[in-house]
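Data block below; observations after.
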Amino acid sequence: MELLVRYLDRSDSIGSTMTQDSSLMKEATLRDDLRYYFMSPCEKYKARGQKPWKLGVQILKIVMITTQLILFGLNNQLVVSYKEENTIALKNLFLKDYSGVDEDDYCVSVYSQQRVYDSLYYVMDQYSQLGRLTVGPISYAEDEEGRFLPLVICKQFYKRGSVEPSDETYDIDAELEKACMSFNPKTVNQWRSQNSSFFDLDFYRLVDVEITFQLKGINLQTVRSRELPDCYSFYVTITFDNRCHSGMVKISLDTDSISNACRDWKISGTAQKNTHYLLVFDGFIILVCITSAILCTRSIVLAVRLLQRFSRFLNENYNRKVCEDDQREFLNCWYLLIIFSDLLAIVGSILKMEIQAKSLTSYDVCSIFLGTSTLMVWVGVIRYLGYFEKYNVLLLTMKAAFPKVLRFCCCAGMIYLGYTFCGWIVLGPYHEKNYQMNGFPMTDLQKFLLEQKDFPVAEEGSQTDINVGYSTFCCCRRVPENDDIILIS
Amino acid sequence: MELLVRYLDRSDSIGSTMTQDSSLMKEATLRDDLRYYFMSPCEKYKARGQKPWKLGVQILKIVMITTQLILFGLNNQLVVSYKEENTIALKNLFLKDYSGVDEDDYCVSVYSQQRVYDSLYYVMDQYSQLGRLTVGPISYAEDEEGRFLPLVICKQFYKRGSVEPSDETYDIDAELEKACMSFNPKTVNQWRSQNSSFFDLDFYRLVDVEITFQLKGINLQTVRSRELPDCYSFYVTITFDNRCHSGMVKISLDTDSISNACRDWKISGTAQKNTHYLLVFDGFIILVCITSAILCTRSIVLAVRLLQRFSRFLNENYNRKVCEDDQREFLNCWYLLIIFSDLLAIVGSILKMEIQAKSLTSYDVCSIFLGTSTLMVWVGVIRYLGYFEKYNVLLLTMKAAFPKVLRFCCCAGMIYLGYTFCGWIVLGPYHEKNYQMNGFPMTDLQKFLLEQKDFPVAEEGSQTDINVGYSTFCCCRRVPENDDIILIS
Amino acid sequence: MELLVRYLDRSDSIGSTMTQDSSLMKEATLRDDLRYYFMSPCEKYKARGQKPWKLGVQILKIVMITTQLILFGLNNQLVVSYKEENTIALKNLFLKDYSGVDEDDYCVSVYSQQRVYDSLYYVMDQYSQLGRLTVGPISYAEDEEGRFLPLVICKQFYKRGSVEPSDETYDIDAELEKACMSFNPKTVNQWRSQNSSFFDLDFYRLVDVEITFQLKGINLQTVRSRELPDCYSFYVTITFDNRCHSGMVKISLDTDSISNACRDWKISGTAQKNTHYLLVFDGFIILVCITSAILCTRSIVLAVRLLQRFSRFLNENYNRKVCEDDQREFLNCWYLLIIFSDLLAIVGSILKMEIQAKSLTSYDVCSIFLGTSTLMVWVGVIRYLGYFEKYNVLLLTMKAAFPKVLRFCCCAGMIYLGYTFCGWIVLGPYHEKNYQMNGFPMTDLQKFLLEQKDFPVAEEGSQTDINVGYSTFCCCRRVPENDDIILIS
Amino acid sequence: MELLVRYLDRSDSIGSTMTQDSSLMKEATLRDDLRYYFMSPCEKYKARGQKPWKLGVQILKIVMITTQLILFGLNNQLVVSYKEENTIALKNLFLKDYSGVDEDDYCVSVYSQQRVYDSLYYVMDQYSQLGRLTVGPISYAEDEEGRFLPLVICKQFYKRGSVEPSDETYDIDAELEKACMSFNPKTVNQWRSQNSSFFDLDFYRLVDVEITFQLKGINLQTVRSRELPDCYSFYVTITFDNRCHSGMVKISLDTDSISNACRDWKISGTAQKNTHYLLVFDGFIILVCITSAILCTRSIVLAVRLLQRFSRFLNENYNRKVCEDDQREFLNCWYLLIIFSDLLAIVGSILKMEIQAKSLTSYDVCSIFLGTSTLMVWVGVIRYLGYFEKYNVLLLTMKAAFPKVLRFCCCAGMIYLGYTFCGWIVLGPYHEKNYQMNGFPMTDLQKFLLEQKDFPVAEEGSQTDINVGYSTFCCCRRVPENDDIILIS
């Protein structure tokens, strides 16, 4: 920028020693264009009367995208709370002695054989009378022929095994065997007498019991906000986990809920559905975003052309190149941010329209698109603050301090990482269970690692590659003689 | 102030070159008056022996207003705690299996049809034997003819509907129908047999059940603080909320309590009521506030006159105008603060007297008046700290730093806003229910928006207006060439 | 100190122009004494070989006083935990449905008449069979003739009253009447039949029921630490509080426990009691503290004499007075601190010996003496840090910054006070009860104020006095012309 | 370093005034070697093409040691969670009315004699039917002849005693007597009738009841991660603590679990055990660590030799010694850190291999070795950050600021210590029990001190020794005349 400033200044002050008129004219035009390019929207309006269309579009975009996000978020919340409340209701219906709060990553823990049997029978008793129990529009799933899908109980146990803790002897076949049983809610009277042998659990060998069934539900509440109700399939899994063989059976209930448009429906009594208004609104947002992206692209193109003109001029008249700092001045990163955010907003809006039209249910992906785009749009507002002199100081200071902060964080991170590993291994596992162990973010990795312990040797090669990359990254010039001087200054 | 200071200094040093005696005299008087005007109360006392009445009045006011506030607050707390304890007592009386703590924004949640019926019947059973149950002076409300007002149960349901989740089909008339039933505590034996059909709830169609009744209570505890007991009407609403149709019925109890003077009363045994002392105290506060306001107004008037004299003097002798900074020195903002706080205190005290006399019950409005006035009075104390040299530096520094802090907050706010929106949409709804979702401050907005989704397009026009306003606000001069220089300095 | 330093420096440099030999000698001695006086213990040892006795005594004192404090604290904790556990045990024995945790400032709350009666009868049933219930050495108190002291139930109610909430009418005699009944644990079969009318509570008029009884206990656990067991009297008060008449009766249990030496005892089996070792230790501490106090007093006396000599010298030779700053150099505040802490430690140790000998039970007073003394002794260590050059900078900086910090706190305090009052009155009472209201530190004041509302007018006079005092305190010189200059500098 | 820098600089600039060629050559070589020695790995590669082997080894080591630590930690966690879950299961099995959460440092507290008996009998009832109750592979321990080890109940009480709280008299023999009883799960029908006198507890004299038994368990879950199951002995102790005689009996359950290889086992069905992969991995780590240690030792040796050469050169040519600062430059503390961490890692890895081979079970010791080594390795990464110019400033600043921070902490620590002691004695013991008292870190010390109160006098001598040491440490030069100057500067 120095050169540029000097150029603008110098040419301002007195004048030129050039003799060719056309060249003089050319230079004056270039100077004007350059000066105009670096003006704020406000100054442009004062200088050439150009109205700040781009600024207007951006502000309109902020308002519209934020409104859209809020509407989508509220809708999203409805869906999420419906699923969550259903899960809570199912836990209260099917888990005996459920306190209303999960104990840990499981729901209930039981410690005696009788309690295990009670909890097991309770699930089936409740399932068989689901219709009379539940207060929600939920019922058994059916297959194509209209028959209810059965509840399936599977128990997994070591194939063969006799364990004699008193003798400190065991004889185990570590392969797992699985035995399953179906249970039809209509044949409720017979199951317990006919399958008594199935429920004779040998706890020494038992690894887990898994009860799975499928329920269907309808989310009627959306009727009230003038949307069509969705149909849901709930895949419920109740697990009696004895994997640890520690005298504690952990009972947990998981629901996997999938929403889809209902097969057949008839609705009346609501006013004409107003969802098309929303579609128009989404379409308008897409339009605004496209406009904004085009305007920004145009600005970038203009900037590149201006840079080329300036570069040619310098080359012809002074036989100099534009220095890198000045080149960077022409590339406005804000424009790239805005274009990227526009693309995200367009994709997000299309997804939202699809969800509205019930042809998609991927709320999560749409959330990420809309959310990221809104974040960028709001961060982009900072750019306009840069037009205020005082704010500019703030922004430039932040810009200058950023690498230092990053550097410190990196250095502190190293120590923290070492400290964390050391603390985890030395203190970690001895902390109370109900509290910290579950908070440790490695449970999934743990499960994966415990199954296959032989991978580290195999993976060694690839990790060394990473190291080589890191070591080359480390290579940079070092001037140890300067250290003390830096400290003194 | 520069000019003023220079004027005072110069005229101090040696003397005048003026020849007219009267003019000389005039100037000396003006100089004395000006110097006197900018003195602290202490210096005024030393200079002309004037006693600091105004300061005394202010200090008296602080003590009195704070005392009044505390007295009013303690009284207020009695009323609030009476209402709250009554609500807790009603929850414990009417809600089956109430744990003593609300689960969420509702009190109890139930998950099976039987529990819904039990809870429903429980309310009515308890209501019918209220007199034998409650330990407080509370009973049924009566109409004008002395008959007890009945309890009213209303159920709201979709007009017509058959829902078959198994088939993924539904046939719903989204219009709501309402059916109500009255229940008189005296006809307790008949209601269950006569209205059995009403209590045959079709949970698929049921939206909510609302039980409302009205109770009357008397707040006897005020007798002990020598005030007349108030009579209260409690409008109790118990809602069984199945709006979400998620298999979870949320039961909540709300009380709306209105206090009024009792219709007929006779009281004895207390010493003569001492409330008139309090009225005298309030009156005295009003007097002090009026005095304070008058003194401050007088000071402002005197300051304006002095400014006019000074302005005229400068105009006549030096043909100069008083610069804006000096003019501002004459306008003491503290005086305006004090006058405003006095007005608030006067209105608040009048309201308090009305409340004391039982002709008003608007504790809230009075709270705001008295509270704001006390806050201002205490903030006003800072002014007197300005008389200490060291504090003055502190005050001036705070004054100077304020706009910078504000600017930074504004910039950080932008990023925060974007971050919040993004975080809410991406992470928000997936957080655990019992915790964060309820903390989100949009629930009312949400309800409003969900009912009418078509407004954003309609409101677009007005929002664009705001933007235009914002863009004009943004227009200000920008000097990009200075950026680097600012950073360096 | 400037003068002093200059004097020491100047006389160091070359020599004197004095002619009298004796005077010269005198000055040299004075200079030596002065220089010696301002040395650290270490330098004194190097200069004249004086061993740092005073320092040694201080260090010995720190170790001994801290040891003593820990021993006393541990003992104290035993007593406190005995009392607390007894209170918990009594709550569990006498309060029906006590959850183990107090609900609020009360233990249990009940909401129906039946529950009140049940809780009331439960207390008496439990009391009558105390001997068979309790697991601790606790029993009924006896009067002089060996008869058990009875349990006393008192109910307080409005003298006369009929309340008709439905009619919004009441007729109350606000004077309170009290009816009491004694209950002897031996006549257990008769009380309920004979006093049935007493237990016919009219809840409209009932203010509270208070059950008081006295139990005796022996703290046997001290036997294990070779101390004599103490005897305790527990004055138990169970209150059924209906003062608020809000439909909620709050039951609370308070114990007032007083310890005293047992009347008659016989103990065997422990090794000879070792408490006399502790007495010797305490005696030794007193000795050390007296030594320390004497040494410090001596130092102060010597300093005053030295100051007098220096003052006389300056007066005679230079006809000057010692400036105030230099005088202050001679008065060592640390010595005063040490002497004060010694006195506290001596009193505390004597109290501790008395407690040990069971002739006193005022643990609290002794705690305060010993604790304050230990705090001062440790703070006194900072003085010795002042001998290290680097620490000295730290100390001096803290010394210099202290008034500024204080000033800022004072200014912020004003705003905070105003804010607190305003926030309390506007928001305060509407916050949830179970959380913040109880945290508000005015409950005692509140009770006091509610009983007698007429005092503020009466107290006005005295408060005005305070204000006058404050206003005179405010009087200090103000130089407004300097403000801007201060800000600039 | 100054001298060194000057030497390198000077010799760089123009040349030498030396005349001997060999000497000139020698100096040039030395200069080159010195310059090379202080280069970063990157510069070395540029200068002489030497590949950064040492850096590579370090990076490889970081990756491998961290991987090893994670694997070991996950394995360790399995063992710890098995033990913890077993303890929880035993508490739920044997403690009547256990809520699932410990109340304090005890599990359950009971307050009536009946509850004590019930809890006592419950333990034995549950123990006698353990086989039918538990869901885990746990059973009674056996002696060598195959007979079940019995449950042992011991009660401890004062030898003789009659306590009459009502009379305030007691007659106690403070010596403790112990009575025990065995209970065989097979003779379940007889114990209660035969030992009724044993269970006739005299609560006045009772100090505690201790129930101990031994159970055997097998940790089968490790089968799933292809390791051999371990056998465990659980030494269970249930204590009914009446030591405090405060009317509250605290019941607690402690398990001491010892793991060992099972006596006899047969396992099938798993794929071939993959533990040898892990052994190879551990071996490889040991190899890498040895390499790293050797490389670092070699570097230190080279540095010492270089220093000797430089020292000889300076001595011969300039007759000067290498100053201490320069000598320190040659001693690289990082190398010592790396070597120490290597040794720890080698020991840790060997321990880990032993544990894997089931010949050791000391997880804790191994944890400390591996953890400390990993911490050091990660901290060692900071060294490489020193090669970046900017980071170096950071490191040097931290190095310079460290003593000041330490000094401030020391000074603040003094005040804090005094404050803590004072606060503890004055406020401490009156805080609520369930919260702070248990958090105080002196409980063990307390127990120790309460048994033998006579030690402080005896220990006095040794503590005075410490003081003498401290006082000599305090001796250092003080220049009080400089204080003001320091403050000003």
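Observations on the model:
Letters A, B, C and D name the chains as they come in the text, with residue numbers starting at 1 for each one.
Methods note: a residue touches a chain if its C-beta (ideal position, glycine included) is under 8 Å from a C-beta of that chain, and two chains touch if they have at least 3 such contacts.
Values in this document were obtained by computation on a predicted structure and should not be read as measured data.
Matching the C-alpha atoms of chain C with those of chain D calls for a turn of 90 degrees, to the nearest 5. Residue numbering at the chain A/chain B interface overlaps only partly, since under half of the positions present are found in both copies. Distance between chain centres (mean CA atoms), chain B to chain C: 38 Å. For this pair, chain A with chain C, the centres built from the Cα atoms lie 54 Å apart. Contact with two or more other chains is made by no residue of chain A. Under the touch rule stated earlier, the contacting chain pairs are A-B, A-D, B-C, C-D.
Residues of chain A touching chain B in their complex: 1, 5, 8-9, 38-43, 45, 52, 55-56, 59-60, 63-64, 66-74, 76-82, 84-86, 88-90, 92-93, 100-101, 132-142, 148, 215-221, 223-226, 229, 231, 262-270, 274-275, 277-278, 280-281, 284, 367-368, 370-372, 374-379, 381-382, 384-385, 387-397, 400. Of all residues in chain C, those touching chain B in their complex are 103, 109-114, 116, 158-160, 163-175, 203-204, 242-249, 404, 407-408, 410-411, 414-415, 417-419, 421-426, 428-430, 433-434, 437, 442, 446, 449-451, 453-454, 456-457, 460, 463-464, 467, 470-471, 474-484, 486-487.
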